[in-house]
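Input: structures, listed below.
Shared between the two complexes below is chain A, which has chain B as its partner in the first and chain C in the second.
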Partner chain A sequence: MSMDILELIEKHYPLKPLHWKHKNEVLETDAGTKRVRIWTDERTMTWHFNWREQLESNTLLTDRMIRTLDANWFLPFEDHFLTLHDERYEPFPKHSHEQTWGMLLGKLLSQGIEQPIYENEHFSETREQMVQQYGVDRSDLNIPILNRSLPEAKRRIRTVETIRNRYRHLKIPSLEPSILTHQGKRVHGRLFWQGGNEPPERSMYGLCDFLSDWRLATDTKSMYKLLDAIHDHFPLEGGYDQLLAADLIAPREVQRCVRRLDSTDDHSVSEILDQFEREWESNRTLVEEVCRWIEHRAKKVIR
Partner chain B sequence: MTERNQSTLEFSIEESVWLNKGQEVEELYTVDLNPEVTIEEVDDQICIKGYLCLTGEYRCADQTEEETASEESTYLGYRSFSQLNEVSDDVVKLDHRFPVDITLPKNRVLDKDELTVTVDDFNYEMPTPSCIEVFAAVSVSGVYENQGYVSEGFENQESVYENDDVYETREEDDEDDHELYEGGSNPFPILEFESRRSPEPDEHEEEMEYKAERREPQVEFLSRSEERYDYSDAYGHLSDLRNSDTSEYEEEYEEEEEPYRPDEYEYEENDEEYDYEEEIEENDDHEEVESSSHRPPREENALYLTKMLTREDEELTKMKMCIIQAGDSLDSIAGRYDIPASQLMRVNRLESEEIEEGQILYIPVSVR
Partner chain C sequence: MKAASMSVDGIILYYYDLFPEKIESYGRVQRITTKRGTFALKETTMNKEQMDWFLHCMDRLNELGYDHVVPLTLTKYGDPYVIAKNRYFYVTRWYESDSRSSFPYEDFIIDELGKLHANTVKAQSFTVDVIKDSFNGLSTRFEQRQLEMERFTELAERQTYISPFELRYLSQFHKMMRIAEEAKQKVSEWYKGCEENERYRSALCHGRPFRGHVVQDGLGEGSFINFERAILDTPVRDLAYFFRTAAQYPEWSEQRAIEWLGRYESHLPLLPEEKVLLASYLKFPEPVFSTIQLYQGSSDISQLELVRKLDRKLNVMKSLDRFADQFLYTIPN
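So, the complex of A and B:
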């Protein structure tokens, strides 16, 4: 299979593959390191193509689909599709570059609202669905530390529901489910953003993950600058800040914990629970800080 | 003895357990009803004493839900792990005891070790998160039919919530039990109820003693605390008592009117209720009106008992029920319990002095 891919790339792309760096994923070529992505779903591939194209600018680069010799941006590959992307490794700095990062995230949010998606544009989950989705109904696991958190997790879901109901009129951006800082690389001094290939989701969870990641890598002040910068390109006030807070408040660490518990043996239960507690606390701090930023912005607007 | 037929005493219990605010049930995990009784021989009686224990576990309703919902508009965030209550705070133990006090003549029991108290049927409903309605059939087996007397008792005591999270059942005062059979010679079949509802232990007591009948030893008590009733209803009766020749009632009931909170006492059983105003008028007229004529049907006595039992502010309600045996007369019962026959008629709303075998009479007990 791998041989087939290399031959296919050599045949259709204006470059010469040398060897796999990571088999079937990353390869070295005479034009630099490239990443191969295989898409099973054409709509997902198209969504990813569109945002990459739209974000690309003089100040912001993306890992766009490399065009074939025929100027196509994908190749049919067996029953799927193949695309080729530049791959870079030098991370883009965070400190003092909040504006650039903020621009990237703001644009991701903006195009996430505009880009058509095959799902409802608004949140449609009921509280009961959320309770189930996040595993907040899993008192059957009979783990005290988890059970202890479930009532609070339910309260968090109620908060999420309340906020979503309040801003039901807003379109929810579609984002990749996971956006992390390590996806930003530096190419000729510019931010080069390497996206993923997961189906998009109508939520701001991706941004939540990014903020969490950012805060761990930097500090609160830097995160506030980043939020200010995002706001410059995608106005968060007027509801999106609240929706961001709601998505942060959603008990996703409970969901992760339950999933891990469901798929593990007893030996690692204590580790899973330790991790759960750490994530709970870490996310709580993040919520507090983001909410402080929201309040601060609100005061500035009033003045 | 051995040729006698073994019979079973059966009691239907319909009780309600009210939970304090903050202890409402969100999810009932387990609930069970079990008898915990001891059987003793006292003189010529067999005493079965103890409790029907309603036990279980439930998850407390999240009373902060509404508060949280209202706070959500301004507060975004959630509690730290260290701020979360222990899970035990969320899972509340249910421990409610219905006192049982059954007394049988020894000649109805071949061997006290044969006596067993069982809960034959148990069901519950939760009309509201703060109320558990308990329906149970309790039977005492090992009892033999004979020509003698049977006395039965069921003592009903409600638990008291001394504080927010602990149920405590108040100790019962059983000293009155024995007076039912003073001298050990009283062969009357007795059913005894006692219901205490107020957290204040030393306040005024209210006791009612009823004499009752014996038919087939099957008695059904309805003491539904959840039935909301008009306080004035119950006290309509009490106004009867005020005019009676037992001055102690006057004092008791006057005292008890103080904690009356109209919103808590709305009795809704239309069939059974009668007009307080009407009663007052009757009482204002003439005392003899009380003891005569237009009394509601006898079933109301039971309702009256129910009301007396279910008043939440009631300190102590003690009742004796006497099951009339062949050859008994109202006068003989009155003499036996040292109570005017007219009072028995009033309390039992009898239209005449005629009583029949198997009939239940309620006998007010003097407060001590």
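So, the complex of A and C:
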């Protein structure tokens, strides 16, 4: 398979592949290091093409799809599709660059609202569906630490439901399910954003993950600056701040824990539970801090 | 032009995946040597509207199958240009351009202008107002320049000690004024001709067709570069620019100019009124006017050099005047 891809790239792209750096994923070429992405779903691929094209500006670069010799942005490949992207490694700094990162996230959110992919633009899950989705109904696992957490997790789901009902009129952005700080690289002094290839989700979970990641890498003050900067490009006040808080409150650490327990043997159960406790605590702090930022901004507005 | 080494904003090269081994500067053009070939990076002064028009012209030439133009190299994302520091940059393959080489530049340019204009010429729907605007614009320009030349004459004559440049200029002043009057008269004739025949043609003009905008590939085949000043206008616009610049090279003679015009007309015969308009452009002592501006604005150039320049321009003016008279003679009454 890998040989075929290299041949295909050499035939169709204006560059010469040299060798794989990571087989079937990253290759060295005479035009620099490139990443190959294989897409099974054309709709997902088009969604990823559109946001990359629209986000790119003089100050913000994205790993857009490199054009073939025929000026196409993808190649048909064994019933699937292949796209080629730049791959960069130098991380973009976080401290003192909150404005740039905030602009990126603000634009991702704005475009996430504009870009249609799902017919339903709003949250439609019922509480029962959420309970099932987050694994809060899994008392069958019989793990005391987890079981003790489930009533609290259920309360959190009720809060999520209440907030979502209150802001039912707001369109929910389509974002990649995972957005992390390591995806931001530095290219000629600019932020170069390397996206993924997962189907988008209509939720703000991606932003929650990013904030959690950011806070761990920096500090609370920096996270507040980042939230201010996001707000400059995508107004969070008026409901999106509450929806962000709701997505932070949703018991995803329970969901992750249940998934890990379902797919592991007994040896690592204690590790999984340790991790669950750490995530629970970390998320609790993050929720508190984000809520403090929301309250602070609300007071500013009232004044 | 002498090359100077320099650096280029890396973000521009990023869009083309160019890793330069050497960068040389030729004014607004950087020659970038890489393992993947040699490229020309052009910094333009075009605004968005001009850039859109330029790209439209390049697309149009492509549609017409006109292949004597160096195509733009697209960025890796398929874009025709890059914006950096509020300027538009574009890239082409690098081709050699040496205006002193033995390449028959004028033969190439006149042939290609003929083909380009013949492929794009279009009879415009005739409206008196449009022609009148052109006539008024050209007449006013000629008159303003004539007035400034007269002013310069008056100032020179008032000097106690006349400079060599002024002396040379004054000795030719009356001849220049006579030629300028003829040029103005030809503009009026052109206007009447258009009005009588109720016709006016435009073609896609390169804008600045001269040796500096022609390059050769490895096989010695010529191509135009720089369609940044391309415009839809009377084909005479390109022809006037061509003959005015060609007259400054040693290969010029009135006989060769007549041959070049014949070569052009083998592709696109000119209408009588177009020939009259061409004559008016060529007769008007525009090159002398620009030398006066240079004299008034520059303290760096020596008197000797300025007099030499003026002499060259006066010779060009007289030669273009004779050339115009020759082809005007061929217009049937």
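What we mean here is this: the second predicted complex is superposed on the first by the 302 of 303 C-alpha atoms of A that agree within 3 Å, B and C clash if a C-alpha of one lies under 4 Å from a C-alpha of the other, contacts with A are read in each partner's own complex, and residues count from 1 in each chain.
Definition applied: a contact is a pair of C-beta atoms (placed from the backbone, for glycine too) under 8 Å apart; a residue touches a chain by one contact, two chains touch by 3 or more.
Just so it is clear, the structure is predicted and the values come from calculations on it, not from any experiment.
Undergrad: Putting chain B and chain C on the same copy of chain A, do they fit or clash?
TA: Partners fit side by side after overlay.
Undergrad: In the superposed arrangement, does chain B or chain C reach more residues of chain A?
TA: Looking at chain A, the partner in contact with more of its residues is B.
Undergrad: Could you say whether A:Leu15 touches chain B, chain C, both of them, or neither, answering first, second, both or neither?
TA: A:Leu15 sits against chain C, while chain B stays out of touch.
Undergrad: Scan A:Met65 for contacts with chain B and chain C and give back first, second, both or neither.
TA: second
Undergrad: Does the superposition put A:Ala31 against chain B (first), chain C (second), both, or neither?
TA: The second partner, chain C, only.
Undergrad: Measuring by CA atoms in the overlay, how small does the chain B-chain C distance get, in Å?
TA: 44
Undergrad: Over in the complex, which chain C residues touch chain A? Could you list them?
TA: 9-11, 14, 17, 19, 35-36, 74, 76-78, 83-84
Undergrad: Any idea which chain B residues touch chain A in the complex?
TA: It is residues 62, 64-65, 68-69, 72-73, 76-81, 84-87, 90 of chain B that touch chain A.
Undergrad: Chain B touches which residues of chain A in the complex?
TA: 144, 147-149, 151-152, 154-156, 158-159, 162-163, 242, 245-246, 249, 277, 280-281, 284, 287-288, 291, 294
Undergrad: Which stretch or stretches of chain A touch chain C in the complex?
TA: Interface residues on the chain A side: 14-15, 30-32, 56, 58, 61, 64-67, 71, 73, 187-188, 190.
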